[in-house]
Amino acid sequence: MSPIRKRGRVTTGIPGLDSMLGGGLVEGSAVLISGAPGVGKTTLGLQYLVSGAKQEEPGLLVTFEEFPATLVRDARSLGWDLRALEGEGKLRLLFTSPEVFLKSLQALDSPLSETIRSMAPRRAVLDSVAHFHRLTADPIELRHIYNTLVNGLKREGMTSLFLDEATRLLGAPYRTVGALPFLVDTILLMRYVELDSAMQRAIAILKMRGSAHAREIRRFSIGQHGIEIGEPFSGREGILSGSAHRVA
Amino acid sequence: MSPIRKRGRVTTGIPGLDSMLGGGLVEGSAVLISGAPGVGKTTLGLQYLVSGAKQEEPGLLVTFEEFPATLVRDARSLGWDLRALEGEGKLRLLFTSPEVFLKSLQALDSPLSETIRSMAPRRAVLDSVAHFHRLTADPIELRHIYNTLVNGLKREGMTSLFLDEATRLLGAPYRTVGALPFLVDTILLMRYVELDSAMQRAIAILKMRGSAHAREIRRFSIGQHGIEIGEPFSGREGILSGSAHRVA
Amino acid sequence: MSPIRKRGRVTTGIPGLDSMLGGGLVEGSAVLISGAPGVGKTTLGLQYLVSGAKQEEPGLLVTFEEFPATLVRDARSLGWDLRALEGEGKLRLLFTSPEVFLKSLQALDSPLSETIRSMAPRRAVLDSVAHFHRLTADPIELRHIYNTLVNGLKREGMTSLFLDEATRLLGAPYRTVGALPFLVDTILLMRYVELDSAMQRAIAILKMRGSAHAREIRRFSIGQHGIEIGEPFSGREGILSGSAHRVA
Amino acid sequence: MSPIRKRGRVTTGIPGLDSMLGGGLVEGSAVLISGAPGVGKTTLGLQYLVSGAKQEEPGLLVTFEEFPATLVRDARSLGWDLRALEGEGKLRLLFTSPEVFLKSLQALDSPLSETIRSMAPRRAVLDSVAHFHRLTADPIELRHIYNTLVNGLKREGMTSLFLDEATRLLGAPYRTVGALPFLVDTILLMRYVELDSAMQRAIAILKMRGSAHAREIRRFSIGQHGIEIGEPFSGREGILSGSAHRVA
Amino acid sequence: MSPIRKRGRVTTGIPGLDSMLGGGLVEGSAVLISGAPGVGKTTLGLQYLVSGAKQEEPGLLVTFEEFPATLVRDARSLGWDLRALEGEGKLRLLFTSPEVFLKSLQALDSPLSETIRSMAPRRAVLDSVAHFHRLTADPIELRHIYNTLVNGLKREGMTSLFLDEATRLLGAPYRTVGALPFLVDTILLMRYVELDSAMQRAIAILKMRGSAHAREIRRFSIGQHGIEIGEPFSGREGILSGSAHRVA
Amino acid sequence: MSPIRKRGRVTTGIPGLDSMLGGGLVEGSAVLISGAPGVGKTTLGLQYLVSGAKQEEPGLLVTFEEFPATLVRDARSLGWDLRALEGEGKLRLLFTSPEVFLKSLQALDSPLSETIRSMAPRRAVLDSVAHFHRLTADPIELRHIYNTLVNGLKREGMTSLFLDEATRLLGAPYRTVGALPFLVDTILLMRYVELDSAMQRAIAILKMRGSAHAREIRRFSIGQHGIEIGEPFSGREGILSGSAHRVA
């Protein structure tokens, strides 16, 4: 077992979010990011990796479905040149299957493992864990799979984001699917909320092991340079239900 | 993989909607349009194709159930002569089965593929994706089918609308069915809402990759010349729940 | 395919409803009427047929369960003599099974088909489509059945009402059962609503292809001469939820 | 088929309810009475039969589970001597199985049928139809069973009450179970409602073929002589949801 | 069948509850007590038995899971010495299986039956009926089991309490599980309710055959000597939903 | 069976919670702690064990999934040195499987049993019981398993905490899963609640056998030295629903 040492912080590349997190993610932690389609999970993940690349913390982006080309293009529209970062060895876009990735964490001498190790990534983003939900219908086996993922990435020293697809477009009070929310160290909720007859976005930290963190629910938007954290909501109730109302 | 280039905008034929979309749909994107029966999905799709035809952007309307004749008639009542546009090679009404259409995207030399290619369509409307939901009960296979659809149409350079049947007549907080909402670039919600003791229609953009977009929920109506976007709602909460209430 | 011609209007026999419909039903359209038991679906259907008989538009009432005698008696209490209309060849009460009726639409030379044709009905009421729901558990096959029904009646030139049994006694936000709501041209909702500590009835047009229509939700009652449309509701929210409340 | 004649009214023995029903139940009709345990369905049924017995309209009480002795005792506490009425031939307490009762309606020369006929009952109470729900899991077969019940009792000239067990202790917006609500002529709802921090009882007529009827929801109580209808509720919303609130 | 006689009242040992019940439980009746874990069902049952023991009405406490020792200890903390009452023949703690207990009610000469009879208990508490829910998945067989229980205890002349485990920690609008609510004479609801930001307890009588009873929902607490009935709630709505609110 | 004796109190290490519990947990009791991921269940459990260690009450922490190393590290961030306490024989971190632990409670001479006994723990924490939920799909067998757990730990004289994973991130009105809530002596709810547009934490005692306890719902936070109980909520309704609102 790894020796216990003072754990540093890992910046997310989003100053407002680092602030909510009490200074950034805890180094080596596993982070679940739950959100509906389009709310900004992937943008957050890219911003996290690009930020790492700038600080000599190489990162790994694992996708199971979306061709890296799409990500490369979307990132470009936000001013991020993923291919250039790849060329500099600061980023690795990995397009694989859940099974292969899982095995690479179990068999440390697999080609994929060695490729990953040669780069010594400090950050990882998995987009998305939904593909692991689908590997088995047996909750015990699934729990085992998640354990392998979470512990495998920790063992390699990575601070990793697990992007999770919320099945409801609006509203937060979702049921935990499988054991992942219990296994990770931190949970971020990204939510759409109907407010003032418009679609807004809300972010909140639900769980964060080993750190104080902000409790307020904040607005966020996706601007020209990625995610920007806005003001906390105020005078509203039921934000995480997806349909907020003013305090009477 | 296709080279990355500056992506233009594709007008929807509905000025208010183009404006909400920050100038139109992103060229080459896949757009999910979710709505209850009769709310106006098909009208939006026709308006999109007719608008394209006027700009020398040929379009393809794929239906799996409704005879083109019905569409032709409905379009005529809105002043659109689909048969004439077909005659001019600016529109193609394709009545086929989900299986055949899917195969045409996989086997590039199939008769259907060649027919489609000879016309070089820039726009596509699939009415509706519900027929693909029903091809398999296996979520992994379904995800694969959706991938084939989305990527196949992109590969051919089309900006495509996927019409999706919402199973509730009223109210929005629907669960995502399958992976399609995660695969598309843009999601539009079209909803009935009971407001002031009347049935109103609401439209909102939930997700739009690679573009800023309006966040407000707007009224819309179907007038003599198709869909017209109205004012944003104001002073209401819970519009997307299907039963709005005034702000207390 | 039938030639496209200017489509007329078909009166429902209920002036207030014709007015809501922008002048009546669209000729040749298929209309879904959704309502809880007792709310007045059959009364509306009878009123429609009696009204047609007076205008030399013969009608067909297809029941699958209720003996025509019951309908004849109920109609008499509203002043309508169905047997007399049958004698004059202006109405035909058909008591059959869903399977036989379906086949008559498929095999144009079946005895039933010929009987129907000899009368040349312009209007049809099916009471109720619930019997078709039960023919198969396969949604694709059911969709096919509904297509056969809707298109078969259109082919014969009838403007037809499909009475559909809502499974909740109160409240509207029902899920669409099968594909029928997507296949029909028009959807009318008839609903019970608790209002002012009493059971009221509400009617609204949800969908109407090829026509403008009223958006308001109106009261209706069943009086001595059938359905009478009342005032629109006002100052209420949540009518279609079954339990309206005053605007705060 | 029976000749059509002017249909009289059958008093329920509860003046307030007769008044709500526009003069009583329609002669020969089938009435569904839906209520939670203890709300008063059986009391209403007994009161109906005792009232008939006093007017020389013999009645049949069919139970499938509760021994007649329990009913006899409960009735005595309300001042009704069922055994005496049985002795006078004005009432028959029949304790049987759903299967046997159903067959007696199908085979007109069965011993039970003949016994019933010799008494020539004008009224019937079935306590409860839940026992028929359980005869089959096939909705088509169940619909057939209900048809046999409803039509069999009508054929014998009885005005019959079908007591139906609501599965929720509080609240009304129940889903119709099977086709019975569509087959009967009249539906009465008996409901518990929490009001002013107390358990109240509410009654409403939802459906009544061939008659005008009261629309208001009224209080009722079970007093020394059975059910007594009270005032309509007023200034409340959501009574049938089981948890009423004052109008704001 | 037992002769009908004037039925007395059986005190529950809780004066406020006897008062709500119009003088106590009806002698020989079957009473269902529904409540969430910890709300006080067993305490009510013990109090009922201890009260009986003091009035020379021996009682039987049947448990299927909890060792009598636990009950003995819990009772002691409330000042009740169950072992002493057992020694005096005024109480019998019976730890058995549902199957054995059921058979003892069917085979009157079984060892258990004879043991029970020799003591001639007038009161019984079954803790809990959940164990009978689990004997079979067949609702008809379960209904038969409940009939055997209810009628068997009545036949032996006992006034019996059936403790039922509500599956929701908060809130009342529970669905009836099986037929038991219809078979018993009386239903008491014991509920947790969040009120004024605290966990309160509420009790209400839903059903009571053959007796007038209080309709109000009252507070109760568990004090040093068991359950004490408090004031009725007032100025609240939705108490039985588990989350009351002030009347606006 | 163990002789009945005056039962003492066991401090939780959290003064505010001891106060809510009327002086601490009842000695030898089984306590269910229900909470969403990250709300603080494990922190409470560690605090309980560390507090015991300081008072010469050795404790046992049983985990089934999370490596003790993680706990050790998390505890260190709160100032607790678990390894040191293990070295002093005041704490035992046991990483095992549910099956093995269960058997150790059944077979008193198993190696694990003997190891446990040699330490004579007075306190136990099981993190979490979810692993027992998954041992069987048969509710009767599961009830038996829970009985074995609860009674086995009682028999060994331990006051034990059962950490239970609530499947909803927000909101309390959860359904009891299996029989455990009925078998334990005490139930604590730990909940997230959205309040004033922020994520707050709430704690309440739902059930506590053999003791008076606080009824109010209190805030709590996780500070530098573990859980700290804050003020009761006031002027709010619906706290345990997860989305509180101000009293109107």
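So that you can tell them apart, the chains are marked A, B, C, D, E and F in the order they are listed, and the count of residues begins at 1 in each.
We take it that contacts are C-beta pairs under 8 Å (C-beta built on N, C-alpha and C of every residue); 3 or more make two chains touch, one makes a residue touch a chain.
Quantities reported herein were computed from a predicted structural model and do not represent experimental measurements.
Peer 1: Which chains are in contact with both chain C and chain F?
Peer 2: Output, common partners of chain C and chain F: nil, no chain qualifies.
Peer 1: Can you give the shortest number of steps from chain B to chain D, where adjacent chains in the path must touch?
Peer 2: Graph distance in the chain contact network comes out at 2.
Peer 1: What is the minimum number of touch steps required to go from chain A to chain D?
Peer 2: 3
Peer 1: List the interface residue numbers of chain B and of chain C, divide the shared ones by all numbers used, and answer same when the ratio is over half, different when under half.
Peer 2: Looking at both copies, the contact residues mostly diverge.
Peer 1: Name the chain whose C-alpha centroid is most distant from the C-alpha centroid of chain C.
Peer 2: F
Peer 1: If you average the CA atoms of chain D and of chain F, how many Å lie between those two points?
Peer 2: Roughly 52 Å separates the two chain centres.
Peer 1: Just the number, please: Cα centre separation of chain D and chain E in whole Å.
Peer 2: 30
Peer 1: Taking each residue of chain B in turn, which ones touch at least two of the other chains?
Peer 2: Counting only residues that touch two or more other chains, chain B contributes 248.
Peer 1: Should the pattern of chain-chain touching be classed as line, ring, star, complete or other?
Peer 2: ring
Peer 1: How does the ring run, chain by chain, when chain B comes first and chain C comes next?
Peer 2: One full turn from chain B through chain C gives B, C, D, E, F, A.
Peer 1: Contact residues on chain B for chain A in the complex?
Peer 2: Answer in residue numbers: 1-2, 4, 139-140, 143, 147, 151, 172-176, 179, 181-184, 187, 189, 204-212, 215-217, 232-241, 247-248.
Peer 1: Can you check the complex and tell me which residues of chain E touch chain F?
Peer 2: 36-39, 65-67, 69, 72-74, 76-77, 128, 130, 134, 165, 167-171, 192, 194, 196-200, 223, 242-246, 248
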